[in-house]
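Below are structures written as structure tokens.
Shared between the two complexes below is chain A, which has chain B as its partner in the first and chain C in the second.
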Partner chain A sequence: MPLGSGILKGFATVFKVGARKPATVMYPENVRDIAYRFRGQVGMRRDEVANGLTCVGCGLCETACPNDVIRVDTSEGEDGTRVVDRYLFDVGRCVFCYFCIEACPVDALQRTHDFHLVTEDRRGLVIDGFKMIDIYEHDLENRSLEDQNIGPGTRPRLWFGDD
Partner chain B sequence: MSNELISLTVDGTEVQVPAGSTVLQACESIGVEIPTLCTDPRLDPYGACRMCVVEIQPGPPRPMASCTMQAAPGMNVVTDSKSIKDIRKHVIELQLQHHPLDCPYCDQAGTCELQDETFAQEIHQSPYETVPKAHPEEVLNEVILINHNRCILCGRCVRICDEQIGVYALDFVHRAIGTFIAPAQHKEMDCERCGMCIETCPVGALLSRPFKHAARSWQTDKTASTCPHCSVGCSVLVESRHGDVVRTRTNGLEEPANGILCAKGFFGHSYVNSDDRLTQPLIRRNGRLEPATWREAISHVSGALRGVIDRNGADAVGAVGSPNCTNEDNYALQRFAREVIGSNNVYSQASGFHETFHALASVLGGQALLRSQSELLESDVILVIGADIGQTHNVVGAHVKRAARRNGRQLLVATRLASTLDQYAEATVRVRPGGEAALLAALAGRDDLPEAVTGVSDESLHAMRDALAAAGSIAVVWDTGVWTLGRVETLAQAAAGFAQAYTDVRLFPLAERANTVGTLLTGMAPDMLPGLRPVTDADARAEVETMTGATTPQDPGPSLAAFLDGSARALYVMGEDLVGSAGDPDAMRGQLEDLDLLIVQDIFMSPTAEVADVVLPGASFAEKGGHFTNFEGRRGPLAPAIIPVGDARPDWEVIARLAAALGNDFGWRSHEPISDELENLWRMPDVEGGEPIADLNGALSQANGAEGFTLATEQHLYTAGVTGRHAPSLSLMLPDAVAELNPADAQDLGLADGDPISVASHTGALNLKTLVASRVPRGVVNLPDRFLDAPPRRLDPTGPNGIPVQVTKR
Partner chain C sequence: MSVETGTASMFGDVEQVSENQMVLNMGPQHPSTHGVMRLLIEVDGETVTKCTPDVGFLHRGVEKLIETHDYRGGITLTDRMDYTAGPSNNMGYLMAIEKLMGMEDEIPLRAKLIRTAVAELSRLASHHIWIGTHALDIGAMSAFLWSLREREKILYLFEQACGARLTTSFMRVGGTGPHDVPESWVENVDAFLDSYTLDELNSLLTGNEIFQSRTRGVGVIPAEQALSYGLTGPSLRGSGVDWDLRKARPYAAYDMIDFEIPVFPEGDVYARYLVRLNEMYQATRIVRQCMEHLRDLPADAPSNADRPDLVPPDVGRVPFDMEAMINHFKLVMHGVQPPQGEAYFGIEGPKGELGYYFVSDGSGMPYRCHVRSPSFVNLGIMEDAAVGGLIADTVALIGSIDIVLGEVDR
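So, the complex of A and B:
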């Protein structure tokens, strides 16, 4: 091999790669396209009638969760039904397995594509149900049309009253 | 059930069971599981649900309910044939036709027997058109509600209320498809609020209102513990979640509870998480109690105690223990006082039981006391005297009712007020308030006590005497609560006389609070060491020293009153409200204010704590380990269900830290070493009897000739002192201090429920609210004790029971 051919080969590689379209994007100014099965933060559906959480406080998500992420505190409401006093979700512990979404009997929990989970304080990783509604609704607005009703947990389920 | 064994075959396996067993029991004895919905080990077989059907050969050519079928020799039982499985599946499918599938909303989900069976029978879809019922939930009373939609009509609530509690507050209404469960007249359910219907309900039909929607059943941590309310010492299962006690339930079928609880046991736990709990140490600075850290509090208390001991000597320091605290707490306090401070001034306020015990033991011997509940229930005749134990010790009352009705015991009731036991009694008499001891003496054979003294006619008296004379064994049961105040000695002597007049008499003086007996046996007395060893006995002191290393001063201390009048300069009060429970609260407050140092360790801010120099937050029953000693002398274990609220600490730990700060570390880092140490010292009292019975003539013949009302002081089922005040569900049942009046008397005075009323004696007056109660006889007014703002002993500090009072409308 003639002297200097190695360095030329090196330069060639550098220029070739340098001219290629970059695989990375300048986050957070630019964001990559997300596969529609991508597992982002768990969101919550808004109960349009009561303008609150759809959650009925059954605690199945809390039970299904392998990582002790969710805490639901409930009490008796004025009309005798169960009301959710507080719905807490610790994003810092979540492994995005979506067991909670599977468990939810009223489809209150929903998948989203949101992965902007960064905070400056660990305590900011614990979000409540209303924050989860915001995340879900914001995510819904920014999703493409074909994404709207597809994916685990968003399929309407047979439940009592609608069989 | 006899001991004779019979043998039969279950699914090809040979089984031997005692004659009289049911087929269901035979199957369960070899582990063959048979699904049931209407079976409860506390109840008789009923055969409502038809889930337990089996095929029996030889036998009728149809499936038989195994729960009601008696096992017979040579039976061949088939439990798992295809047709049997089909029937079971069919039963559940039919139940689900009307049962709403609202499991995510239902509090019973997770412990629901119908839910479990639906899974076990692998039912995924109903073959029928489902017609869910849509009745609204119905509130039955302050604590119980019913959801008829979920009811499967197994009748367990109806039966447990009838068979176990003896109240029979619920029953089936209407017939066939229209059947539902309701209280009499379909009105409010006026029962004892024991919650057993909720407990036994296999589905979510009967629900606890305090627990409603507080947690899902599988989310709670379950801790076996002992009920803190009365001296029955029922075992309870404390369920907690995220540091809150959410409910208590029955725990097992063992003695003494035998699987049931009362209103206080089932609903009276919520004081644990009350917002009024003391959560941090308080030190008085510039006349005000200000928050402090434990480090500050311990060093402040140890320094101040050291100062008092240096100035006035160890005899100027005293300690008051509490029947609300565990054996370990009380033991720690008396060891602290005797060893670290060097003073025998150790007290507890449970005078009623302690005095009764000493008086009876001196005559009959210690072995005659602290007998087991089974001995009570197996006696031929059970005589209840004075207070209604159905109110004061509800669970024992329920067992007595059951013994009378189901096991053929003769129940004689001689209470001041109409009692909950009356309807099951062989004979019932109304004793005049104050005449209880006289009645006992009269029953024991004295003929010189007229009806004016006892309130009982000669005819009834002779009938009762005949019943007693014919009995092989007699149990005498009486509560030693506030009504015995001032009469403890007389009652005890009369009971001792009674015991000597008949054969095989078993005496059951029932202690008032959870650990009253424990304070007696852990040495919370100025003259007694743990295990009722006399302080003056040098051998006993040496024995305690060898076993624990703790030294004891040799001179017994004076009584609490004498101590406070005399040398007292500092007092350590643990879990007791001296001011609130005093006959003259102002005088007691004055005496406590005069002390150089008053340390109060409690779970709530009591009137005593308000005058304290240092207030230390203690832990409630659900937050610490230890033992309560019940009226039988049985020790019921406590286990911490939650971590103490705020900075509260278990009482033994505070004392141990204080001892360490004073240079004497006991080395206790958990309650177990204390339990072990106490275990070595523990013994049932072996007090020698044989002393003659005191002459009671003067004490017995007091007839109440005065005009006006006679006062009875009988505890109400729903009053539980300071803990009850802070338990919302109990406060709902009886919110205010009341005076109970006969309906006719109330009408004469123009009073209705809730009207303000004044009850006055020669020494004081109390302002209360009227409660019209048919249980009170005419001419008697009853003040339930343990309302802090109106303790009846304010009407007569020496003993308010039976005194004449004036009742006026305010």
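So, the complex of A and C:
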């Protein structure tokens, strides 16, 4: 093989590939496809009956989380049930492993595709349960419904028969 | 008196033997060190006479952190070590725990196949990063961009399977965990393999005369030296030693898959390049076979071991079924609790033998965890292999042993 033929072969490939459409996605204008299972900011489902947090304050998500992201403060209500006083979520510590969602026994915590987590202030990273409800509902609006059921482990779990 | 830093004394007394001698600091932010590593290079003119890697800039104490988490929480830490091949790290970690619990035989075939396929896909992704950055160090820009383009497709497959591209935290002790791969995943992987080609990179680099003159005969590591330094993975096979854990001690589903181990005897940078390039071809073969086997499995094949004490019940049942609820709470609160003992398990990661060593005291957290990270062990060869070469050859050599600083420093 004459010297330089390897380089010329490379050049030929470069011209061939250069003629193709670029694979780049111009981000702020266009967003690449996001798979259904994408793990974004953890959201929370609204309790339809009480119009509040679905969370029952069991504390499993607190235990399951490897990074102490979640803090659930509970107290005893008038009828002896457990009442969630405050649900805090520190986005700055979260690694989006979704162990909390796996742990939640009542499906209060939900997957969202929200990855716009920027705040101007560090304190803005700590959000509460109601903000998580907003995030979840906003995310649901912007998501088509049919891709919600594409395999085991990702079906929407609804309990107390509210479907 | 001048301030003496700790690392300066690593060099001992630098004796002035010629006028051209000087000490060169490469890094910690040098682009070709692939992260934050510092190389103290003693040069005589252009020739390297001594080379000392200085590591630890990225130390996060992952091993210690794993000891402060339960076994499940440690999964999230493992994919932050070798972030170019997260699923491989998850897999090694979990298989070591499974060995500690003596349940290797209980892993169902479906989980094994998925693990194998995902590990090979991560090998592809990791080698893409390597081929791109290595070529970039040597001066080829296109290879880098094309590599990342292909890698993006692989990462998208990870995202479809588990939800994250890099920090996958995929799979759990006993199988795939609550998230089996989606039904469409097998077709997506097949479609990816159909559209995937390495020939572009191959034609760009393999025959290229400039690339060859930068890599042939450079950074030669003889086989005995490679063995005595404990090199593993492609860096060892590039020195002509046929050792691969996938063949030597088959784990997961590798014993039912037909593939070859590329070995090249020259021991130079080019040989290691060829090993990795051929490994990428083999990886696509392995993934394709895994997909065929997966398709042959019955639709209801289990993907988790039949161990209620390890694998959470079906999440849909939890609110309605008292036993499931109790089991679920027990598992989340206490997690996996291996019996007292110790276990080491190594898998063939993209960079070499990736081993995890655990000592368990019977509680839910490991008493001791140690990671045998291939990048760290392989980096030791720099001291010998760089000597006698030029400074530019050192750059090619670092690229060819394929280190990831997240794994070196842990």
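Basically, the second predicted complex is superposed on the first by the 117 of 163 C-alpha atoms of A that agree within 3 Å, B and C clash if a C-alpha of one lies under 4 Å from a C-alpha of the other, contacts with A are read in each partner's own complex, and residues count from 1 in each chain.
The rule is short, and it goes like this: a residue touches a chain if its C-beta (ideal position, glycine included) is under 8 Å from a C-beta of that chain, and two chains touch if they have at least 3 such contacts.
Predicted model only: the values in this text are computed from it and were never measured.
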Chain B versus chain C as contact partner of A:31, first or second or both or neither: neither
Have a look and say if chain B or chain C is in touch with more residues of chain A. C
Identify the partner contact of A:5: answer first if only chain B is touched, second if only chain C is, both if each is, neither if none is. second
Of the two partner chains, chain B (first) and chain C (second), which one does A:62 touch, if any: first, second, both, or neither? first
For A:75, is the partner it touches chain B (first), chain C (second), both, or none of the two (neither)? first
Partner chain(s) touched by A:106 [first = chain B, second = chain C, both, neither]: both
Answer with first, second, both or neither: which of chain B and chain C does A:97 touch in the superposed model? second
Could you give the residue numbers on chain A that contact chain B in one complex and chain C in the other? 58, 60, 63, 105-106, 160
In the complex, chain B residues that touch chain A: 100-105, 109, 137, 209, 212-216, 218-219, 242
State the interface residues of chain A toward chain C in the complex, per the touch definition above. 1, 3-7, 9-10, 12-14, 17, 23, 33-39, 58, 60, 63-64, 66-67, 95-99, 102-103, 105-107, 111, 150-155, 157, 159-160
Any idea which chain A residues touch chain B in the complex? 56-60, 62-63, 71, 73-77, 80-83, 105-106, 160
In the complex of these two chains, what residues of chain C are touching chain A? 69-70, 72-77, 142, 146, 149, 152, 156, 159-164, 167, 169, 177-185, 200, 203-210, 212, 312, 315-316, 318-320, 325, 328-329, 332-333
